[in-house]
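What follows is a group of structures, each given as structure tokens.
Paired with chain B in one complex and with chain C in the other, chain A is shared by the two complexes that follow.
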Partner chain A sequence: MAFIDFIINSILTQASITIALIAFAGLLLQRKAFGEVMSGSFKTMLGFLVLSAGSSIIVGSLVYFGDIFAEGFGMEGIVPSIEAINGQAMNDLGLANQIALTFLAIFIFNIILARFTKWKYIFLTGQAILWMATMTTVFGSAAGFSGISLILVGGLVGGFFAVAMPAIAQPIVRKITGSDDIALGHFCTIGYVFAAGVSKVVGKNSESTENIKFPKGLGFLSDTYLSVAFVMVPLYVITAFFAGAEFASELSGDVNYVVYAFLQAVQFVVGVYVLLSGVRLLLAEIVPAFRGIALKLVPDAKPALDCPVLFPYAPNAVTAGFVTTTIGTVIAMFVLPWFGLAMILPGMLTNFFAGGTAGIFMNAVGGKRGVLFGGIAHGFFITLLPALLVPHFNSLGFINTTATDVDTVAAGLFFEWLVHPIMNLFA
Partner chain B sequence: MLQILVVCGAGLGSSFACQMSVESVLQEIGVHAAVDHSDISSAAGSRADIIISGKNFESQFRRYDLSMDLIFLDRLVDKSEIKEKLVPVLEAKGAL
Partner chain C sequence: MSLFKRNKKEPTKTKMQQKVKVERVTEQIEEYQTKLQTAEGEDQIPLLNMLGSLYFEIEDYDQAIKYYEASIEENKALGKAFTDLIKLYNLKRKEATKENDKEKVQFYLQKADELMKLTKDSIRGRI
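And then the complex of A and B:
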């Protein structure tokens, strides 16, 4: 018995070991050489632990930011970051293991649904599945699920999104790529379809964005980490000014309070960088294994890939969609508090990737005018949904942050608005 | 061994999808190479022999003075385009 206790309490509850074992099994199934199996499993474990280290850096920086923001503006400013949600869920709520197992369950349900429904999509964007697993686990456990049922419910909901989201995007993806070979696997798809709908209404006969000339100077924004820094540095520094020297100096010790705010903003970028490096290590072995197995089981499946795969088809629309979506998120930041909702600061990672992809969608159906008005509506929409989740996150103890990626937010709202009340009836 | 690095903005999704296509092309033409993927900030400091990225990143790479071969793709996961652009580079390097 002592041995079984040891296995359960000290091995299987350690998420990094669980996920390494998942990779180990996947590599064995593919009959890889012994050396590859061992190095692949170890790298997966390393990736998971690097990811956790990155998330604690992000949280450290956000705690500081929350303090100066509250002092400077007398209200809570929420930083939308699915990475931070993932970090806090794993480190502070102790859900790391459930998230790792739900991640696996989503893969499995994806294959089952693709095999037996007409939605033949295999969702290969690993980090998006990780964020989805995070949200179903956080809100599934808040709704009262635990153990196996938590993982199965999360896997089913996540697996449904993994086939349904590529399916609703596919008509426009076909129009963009001119083929039916690839699909879009990115959990911001509800936003893309919404934005494309607005664009279609307003953008009749408007010219394509690909005829506009953009200044070359904006090119650096396609570098993810630079674009995050581009927003976080002014945000932290200006907020520190508003908080005032007296208050902010208490937090900065011997360092000048403005310099300290600058360094903390860079620290946030460091956290994102470390976390995403961990994700990269983590997925390097799991995704090809999953792809190999899935394509054997579902022979006519289409791979659903990450959004930048579409970027080369309409690069101007990416920049235009990013800019117009950002305008929409800034408007929403000021407007939503009037309605009693939290003030959500613009999240630049999402604005770039989701805004850029929405730009391509909007351009495909409504040209320049579609991208302008559709993008503003898109920015508003992707700020409104996370704002609705803020009270739920706060009640669960998350610090100054909310989720991004509207499909994962929709999954969270599905649990909070529908599953949780139903569970309460039986409780 | 020949090192090939596939690059995108965050070094997560599309570079990884592209890497898997590059690997199947290499297998098809019988070339052994170590393929990896990364973000554009780290790529400039890498020691890869060949860097593959999207057309939209071309202006970013041109700012650096890089000694390795650079390939820019219009369609990141299109195997025929990868083959068409990669084969001449591999031939020039004597790897094929």
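And then the complex of A and C:
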């Protein structure tokens, strides 16, 4: 009995060990060689622990930022970062095992839905599925689900998104690529469809973006770490100025308060770097196996690939969509607080990839004018949705952060607005 | 409407027509290959892309991949070489799935991943 107690109370409560055991079982099921099973399980555990370390770094930096922002501007400044949400959910909320199992459940539901419905999409972007699993688990558990029901509900909702999002994008993807073989697997699709709708209305007979010549020099913003630093460094430093030397020096100790703000901003970037390295290690073992199995079980599957798959079709539209989306997010940053919502700081990385892909969608239906007005609307839209989630994140204990990637936000809102009230009725 | 039209047209393509098409394209391929032998540097790229496209047309996917990859190796400008290569990798992956060749499936999935990574890098360079 003591031994079983030891296993249950001391080993299975350690998320890094249970996640490694899940990987171990998965690798055994695939009949991998013993060496591969062991190294795969170990790497998965390592990945989780690296992710946790990254999360602690991010949280440390965000706590500091929250303090100086509140002092400087008298309101909450929210940093949109799905990585930070994932890290905090896995570590501080103790949902790591549930997220890992929901991640697998989403894969399975994706296969089932693709096999038996007319939506033949297999979602191949592993990282996006991890973010989706994070959101369904966080808001599923807030709605009152736990244990196996939490995993099944999250898996079903996530699996639905994994086939439905490529499906709603496909008419336009078909128009862009000229074929039906390849789909888009990126959880920002509701934003793309919204942007394309606006573009269609305003952009009648407008010329394509591909005839414009753009100045060069913005490419560094597609680099994860540089783009995060590009926003965070000025943001932290300016906020520290507003907070004032007296207040900010209390937090910075012996270091000059401006230098400290600069270093904390860089610290945030370091956290994202470490966390994403962990995610890569964690997914490296699971994702390839899933892809192989899924594509075998659904013979007529359409692979839903990450957003760069569309970039070569309209590279100018990527730049244009990024710029116009960024304008929209900056407008939303200032406008939303008037309506009692939190101030959401622009997330340059999302602006680049989601804005760029939205640019291709908008260009396909509404040309230059469509990209200009549709992009601004898109930027506003992808800031508004995460802003609506902020009170819920705060009440769950998340620190100064909200999710990005509108489809995962939509999944969160679906739980908060629909599932949670229904669950309350039966509680 | 155009979708229906396309569907009606497809089955009317006879084997004879297909054969004539392959012969015509093969002639073009030979012509471009001769040109390629004398071309140097940047001049090779349109020829490599043309050969990739022609092989794709006659469904010789391995050759199409070979020429498109050579084109991208020389010049990473985003365009038809990238968009066709993704389609080609997917077709090869489908073949491998049918043959139940797990390693080949992973190989082409990996290729698609690498191409998308290259796309990210290229878009960085041109903005």
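Here is the rule we use: the second predicted complex is superposed on the first by the 398 of 427 C-alpha atoms of A that agree within 3 Å, B and C clash if a C-alpha of one lies under 4 Å from a C-alpha of the other, contacts with A are read in each partner's own complex, and residues count from 1 in each chain.
As a convention for this text, contacts are C-beta pairs under 8 Å (C-beta built on N, C-alpha and C of every residue); 3 or more make two chains touch, one makes a residue touch a chain.
Small disclaimer: the values here were computed from a predicted structure and weren't measured.
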Fit or clash - chain C, chain B, common chain A: clash
Partner chain(s) touched by A:Ile19 [first = chain B, second = chain C, both, neither]: neither
Touched partner set for A:Phe311, first chain B, second chain C, both or neither: both
Partner chain(s) touched by A:Ala240 [first = chain B, second = chain C, both, neither]: neither
Chain B versus chain C as contact partner of A:Pro299, first or second or both or neither: second
Partner chain(s) touched by A:Tyr225 [first = chain B, second = chain C, both, neither]: first
Touching partner for A:Arg291 - first (chain B), second (chain C), both, neither: both
Contacts of A:Ile182 with chain B and chain C, given as first, second, both or neither: both
Which superposed partner A:Leu283 touches (first chain B, second chain C, both, neither): first
Chain B versus chain C as contact partner of A:Leu124, first or second or both or neither: both
Superposition clash, chain C against chain B - the stretch among 7-15, 25-33, 43-51 or 115-123 that is involved: 115-123
Shared chain A surface residues [contacts with chain B and with chain C]: 124, 177, 182, 216, 219-220, 222-223, 288, 291, 303, 305-306, 308-309, 311-313, 315, 318
Residues on chain B engaged by chain A in the complex (per definition of touch): 8-14, 16-18, 20, 37-41, 54-57, 59-60, 73-77
Of all residues in chain A, those that touch chain B in their complex: 124-128, 177, 182, 186, 216, 219-220, 222-226, 273, 276, 279-280, 283-284, 287-288, 291, 303, 305-309, 311-313, 315, 318, 352-353
List of chain C residues in touch with chain A within their complex: 78-80, 82-83, 86-87, 90-91, 93, 97-98, 100, 102, 105-106, 109, 112, 116-117, 119-120, 122-127
Chain C contact footprint on chain A (complex, rising order): 124, 177, 179, 181-182, 214, 216-223, 288, 291-292, 295-296, 299, 303, 305-306, 308-309, 311-313, 315, 318-319, 322, 356
